[in-house]
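The two complexes that follow have chain A in common; it is paired with chain B in the first and with chain C in the second.
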Partner chain A sequence: MVDFGILLQIVFWGVYAGCIYILLATGLNLIFGVMKIVNFAHGEFLMIGAYITATIFFITGINPYAIILLSMLALIAIGAVVERLCFRPILGTGKLNEIFLSIGLIYIIQNGAAIIWGDKWQSIKSPYQEISVPVGPLNIPIDYIIIMVVTTAILCGLYLFLKRTRTGREMRATSQNRKGAMLVGINVERIDILSFGIGCAIAAAAGTLWVVSGQVFNPYMGSIPAIKAFAIIILGGLGSIPGAIIGGLLYGIAENGAAYYFGGIWKDAISFIILIIVLVIRPTGLFGESGD
Partner chain B sequence: MNLNRTEWVRYGTIGMIGIAVVAPFLSSNLYLLNILTLMLIFIIFSSAWNLLAYSGQGSLGHAAFFGIGAYASTLIAAKSGISPYVTLFLGAAVAAFIGIFIGLTCVRLKEWFLAMVTFGFAIIVQTITVSLLTPITGGWDGIASPRLMSPEIPGYQLIEYYSILVITIGCILFIYYIMKSRIGLAFSAIRENELEARAAGVDPVKYRLLAFALSAYLAGIAGALEIHHIGYITPEIFGVDLSFWPVTYVIFGGLSSCQKGLWLFRTRSRRGGLPGKTNGAEQK
Partner chain C sequence: MKYSVLFITVLLIAAALIAGCTQQAPAKEIKVGVIASLTGPASNVGKNMWQSAQVAADEINAKGGVSLKDGSKVPLKLIVGDDESTQQGGQKAATQLITGDKVDILVGGYSSAVTSAYEQTVAEYKIPFVVTGASSPIITHRTDIDTSYVFHHCPTTDTYGQYTTTFIDQVVRPAVNKKLGAAADRPFRLALIYQDTAFGKGVQTAVNETITKNKLNIQLVSQQSFKMGESDFRTPLTAIKAANPDAVYIAAFPNEGAPLITQARRDIGLDTIFLSVENNDNAQFYKDFGQYGEGSIIESRFSPYTAPVGALADAQGKFKNSYNAKYGVFPDMMGASTYEGIYIAAQAIGNAGTTDKAAVRQALVDLNMPQVIEAMKGGTISFSKDFRESRFDLWMEQLAFNQTIGECRPNIVWPDNLKVVDFVLPSWYKPGSA
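Let's look at the complex of A and B:
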């Protein structure tokens, strides 16, 4: 009954959807690792990134894959402002405050975007839309391959940045022990702003890749992917980037499998069913170490 | 006049109820009456959320209980022909039952973990409603729900409004006495420090489940009231907005004030419903 070609297709689509989740979850995880806060409004940065890309594309018409860098740069700036104005004042207060603040941000950013760009569904066309590559029994649009390559490149870049540069080492130090990092002379507030900005930039990259691959978008598209990304980092263990990658792939594949076998409506529910099962068995997530 | 804070709050509460009683006579605008009715319903809903938060559990999926109460009450009323005024309590009982089940999976979880799991339940319940249960729930199209009062009765909106006002005051009084009782003390003990609560002989699992059940019950009442008031139900009721609104209302009213005295808390949560409610009604 299980057709190998269909299975391959599900896995392939899953990896493609997983790329978006991985990028979102990685950014969220980076922010969580350094600042120990959770930003439920992360998907709104994905949405802003998508709109910036689309706007530049509509005005100039240059290759949307090139705009990804501009979009990321813009989101570093926006992320820094949001961090400074919204998240810095509540650092170290109750954990519920982060949830409340993010919910407020979700509404403000969504409605702001709806005022600026309108709330209609839009889409942009990729220049490579027509091209596809035959791989085995499948015909793979080249856009999807580009997306996987770009995602891998971003993750490798982040890895090198965290391991090889001084700032990256400072970031890891802050994430391991904030007080200790302060004691050895690291400006943790600068690291906060930077990691928040980078997290947002990665979300913008995810948003850009999402719209360039031909998906429709509107100002409200970000909330569900962001909450799923958060479910992914809980699944993988808070603060664990390998966990985010494995969780993202798992979610992408499980969602597409569920959509194929049970119908499209189960797409969202399946991710939460997985999350609940994992949390009931292992309350700290698959790769998490401690509960708090 | 030299009033201390408690007295201010007491007179404020009486004043609020007074305003709620005379409000329909100040204007004959039916749209305003509709908003006032929805306001009352959301006061119940936000207070229900608040009760769960009082026991230290912040839920992001209260729309699940709101919707289950609404669907259960609608189906019971439609199938049996019993008045919605009776079935809304039965529907809420279904919500409470499912609340206990959801609570069971959440007892070991805290903060974000809890928030995510409750949020997930709202989505799962919505999915089940539109897939497995489509034959009885009508899927995405929804189904008509029996009205609280038949529209043929003259001035039925006013009767609806006052009956909902009575139910709202009843729910708020119920929450107030729960918070004042040993149960309420146990809730806040668990919220403040679970280990110490356990040392003092409070069983956290039992009280958490109780908080889930009570909160789900009240949210179910609110959901059933809203749907019987509007007369139509769709799975949109499980949407993200309905999970987030009570959170924003309660924060506006002052979640942090819960240590400062229950009177204050109660009236604040009452007022917390006010501003957002208008917003909720406009989007309907």
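Let's look at the complex of A and C:
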């Protein structure tokens, strides 16, 4: 019989891991929803976000949580450039082109980062690393609570942006029917750039939170989280942001549960086992609609 | 007549040319292939290995190079192969070095999983290979391929797993009993967390076998694994904490070990003694975990920040200074054994007097050269007759936090003939309970 406190702790670590996955998967889903492109290089934007945070922190000593905004702004710009130069020219030319382009981008971005920042593992220390707060039977470092709060704030912000602003509504319209959106006068190319930039910015936020939580990072850190983010959006339903949130949480908790009960080597495998089971039962994913 | 003379002249010139082509030209350089992880998760260690190899080659070449049978002195030419920290990358690098660059000897190899993947190619082409980083005994013990050209110049997981377990039994266990006021026969509660690779499993096997074979009063209360390159250890550490250990033995690479200890102390509240494997004795490791490394133990044979007292301290100091002057940082342990690996390769080729592969292999079998910068059993480097392994003198270091530099620094605490200070349990240490 597992102790309730331990179970709670595992769920907590799962939710923390889920926060990173949710942000990564939400950004990926936003891009897929609007542009319908498959970008395997999405994890590299998480990596760039991590490095921007660390670099600014090393140079200025600013609180790394404050750097999250700078990191997101920088990634909006970087994402817009990548969309304009790389994805727009091949938009609609076939999925294979998108896949190979994004695989190429992985190598270019990773090696570029290695040239700029070196390829050693690095880490930074949160200013709050010594502070813990009692939560029920647990004594939780405050950083993880801040990470959960920041993730929730970003998701709420995205929700309000998509629901309450004109641009957000245009984004949703483009996502639902690209030709229809064009017919009613929406500049879909502008929406493409915006959604790609915002998707990358959310990945950058995930990178900042990754770094602040004390995890090590190097130029190759993004590949595995990106694969998991893809699995999450397939699990949750392509284009569905609630699906990405539920999928991310489910993966985070399942991974940590599997690591506890079956050993660390099952941590990654369990994600894909869940994915296969869900797809067999519901091929459109948890929140997906047929036709996606 | 005129035509006969011309014909004979042409024939003589052709004969001379053919003879010139078939006669083996004396070697102008000795090509040494260095396989290291220049990219990928192990690049921190890999670069150190490659740069250390260059320091050694520069020193050897500054003295004229290696003497061959024909009396000539030939310089070493190092060619690096990046294994990209992957098995496929290793295979690619080894094949290029052997068949493309046609190296005379190979040195290096870090991850056991990666190194064992390209051993087949080494066996096929019969290239002498001095392994200086991969520590799983399977490197020379495996029987599925011919490993007779592979020589192991770094302690194996068997060796240091056994060594660390013995240290726990002889030093940590009595200290914990003393702190608890417990009887001497109280079983010591040890937890193990290991990378799920040949390296990590090798340590796990060594710990289990040492306990069983020597009937040690050590109980393994939790054994957790993680995949190579993992950065989130909170759940396996939660499982370990639930088992109430007296100490935790970590079989991990430095990029895993530092966050693991940080997460254990900071996030899980596991205030215990952590024992790390020797490859963690690396400047980046000290930097990464800051104050959380305080009180932990590293099994070592070469440290960027300490050395056993004696003649070797000077040799190590010279190497560290040369390396630091060239690259602006200190070398690590894998760099040290690779530095020695180049000296071993040069000595073996010098002894053989040729670059002929079979002769160099035999010279490695017969090798008996003075230790270079690391302490060897008997003060000499030689390879065992059965599995071609060199034998090192190891030590244990305990880390103390230095407020001024904001990092931990090591002090040798075992064995008695090398120790600088005594092992102590930190004031915050919490022993385990059944």
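Just so we're on the same page, the second predicted complex is superposed on the first by the 290 of 292 C-alpha atoms of A that agree within 3 Å, B and C clash if a C-alpha of one lies under 4 Å from a C-alpha of the other, contacts with A are read in each partner's own complex, and residues count from 1 in each chain.
The criterion applied here is as follows: a contact is a pair of C-beta atoms (placed from the backbone, for glycine too) under 8 Å apart; a residue touches a chain by one contact, two chains touch by 3 or more.
Note that the structure is a prediction, hence the values are computed from the model and not measured.
Undergrad: Does the chain A-based superposition show chain B and chain C clashing or fitting?
TA: clash
Undergrad: Should A:I6 be classified as contacting the first partner (chain B), the second (chain C), both, or neither?
TA: After superposition on chain A, A:I6 lies in contact with chain C alone.
Undergrad: With both complexes overlaid on chain A, does A:I265 touch chain B (first), chain C (second), both or neither?
TA: The answer is both, since A:I265 touches chain B and chain C.
Undergrad: Applying the touch criterion given at the start, work out whether A:Q215 contacts chain B, chain C, both or neither, answering first, second, both or neither.
TA: In the superposition, A:Q215 contacts chain C only.
Undergrad: Have a look at where A:C156 lands relative to chain B and chain C in the superposition and call it first, second, both or neither.
TA: Neither partner.
Undergrad: A:Q129 in the overlay: touching chain B, chain C, both, or neither? Say first, second, both or neither.
TA: The second partner, chain C, only.
Undergrad: Taking the superposition as given, does A:A231 touch the first partner, chain B, the second, chain C, both, or neither?
TA: first
Undergrad: Quick check on the superposed pair: does A:I108 touch chain B, chain C, both, or neither? Answer first, second, both or neither.
TA: After superposition on chain A, A:I108 lies in contact with neither partner.
Undergrad: A:L275 contacts which: chain B (first), chain C (second), both, neither?
TA: first
Undergrad: Check whether A:I116 is in contact with chain B, with chain C, with both or with neither, and answer first, second, both or neither.
TA: neither
Undergrad: Just which bits of chain A does chain B share with chain C as contact spots?
TA: Common to the two interfaces on chain A: residues 224, 263, 265, 268.
Undergrad: If we count contacts the way the header does, which residues on chain C are in touch with chain A in the complex?
TA: The touching residues are 39-41, 43-44, 196, 224-227, 229-232, 234-236, 238-239, 242, 254-255, 258-259, 262-263, 266-267, 269, 284, 288, 290.
Undergrad: Taking the complex as given, what residues does chain A use to touch chain B?
TA: Contact set of chain A toward chain B: 38, 95-96, 99-100, 103-104, 106-107, 223-224, 227, 230-231, 234, 262-263, 265-266, 268-269, 271-273, 275-276, 279-280, 283, 291-292.
Undergrad: Applying the document's contact rule, which stretches of chain B touch chain A when the two form their complex?
TA: 53, 58, 60, 105, 108-113, 115-117, 119-121, 123-124, 126-128, 130-131, 240, 244, 247-248, 251, 255
Undergrad: Which positions of chain A touch chain C when the two form their complex?
TA: On the chain A side, the touching residues are 3, 6, 9-10, 13-14, 16-17, 114, 119-123, 125, 129, 139, 141, 144, 214-218, 220-221, 224, 256, 259-260, 263-265, 267-268.
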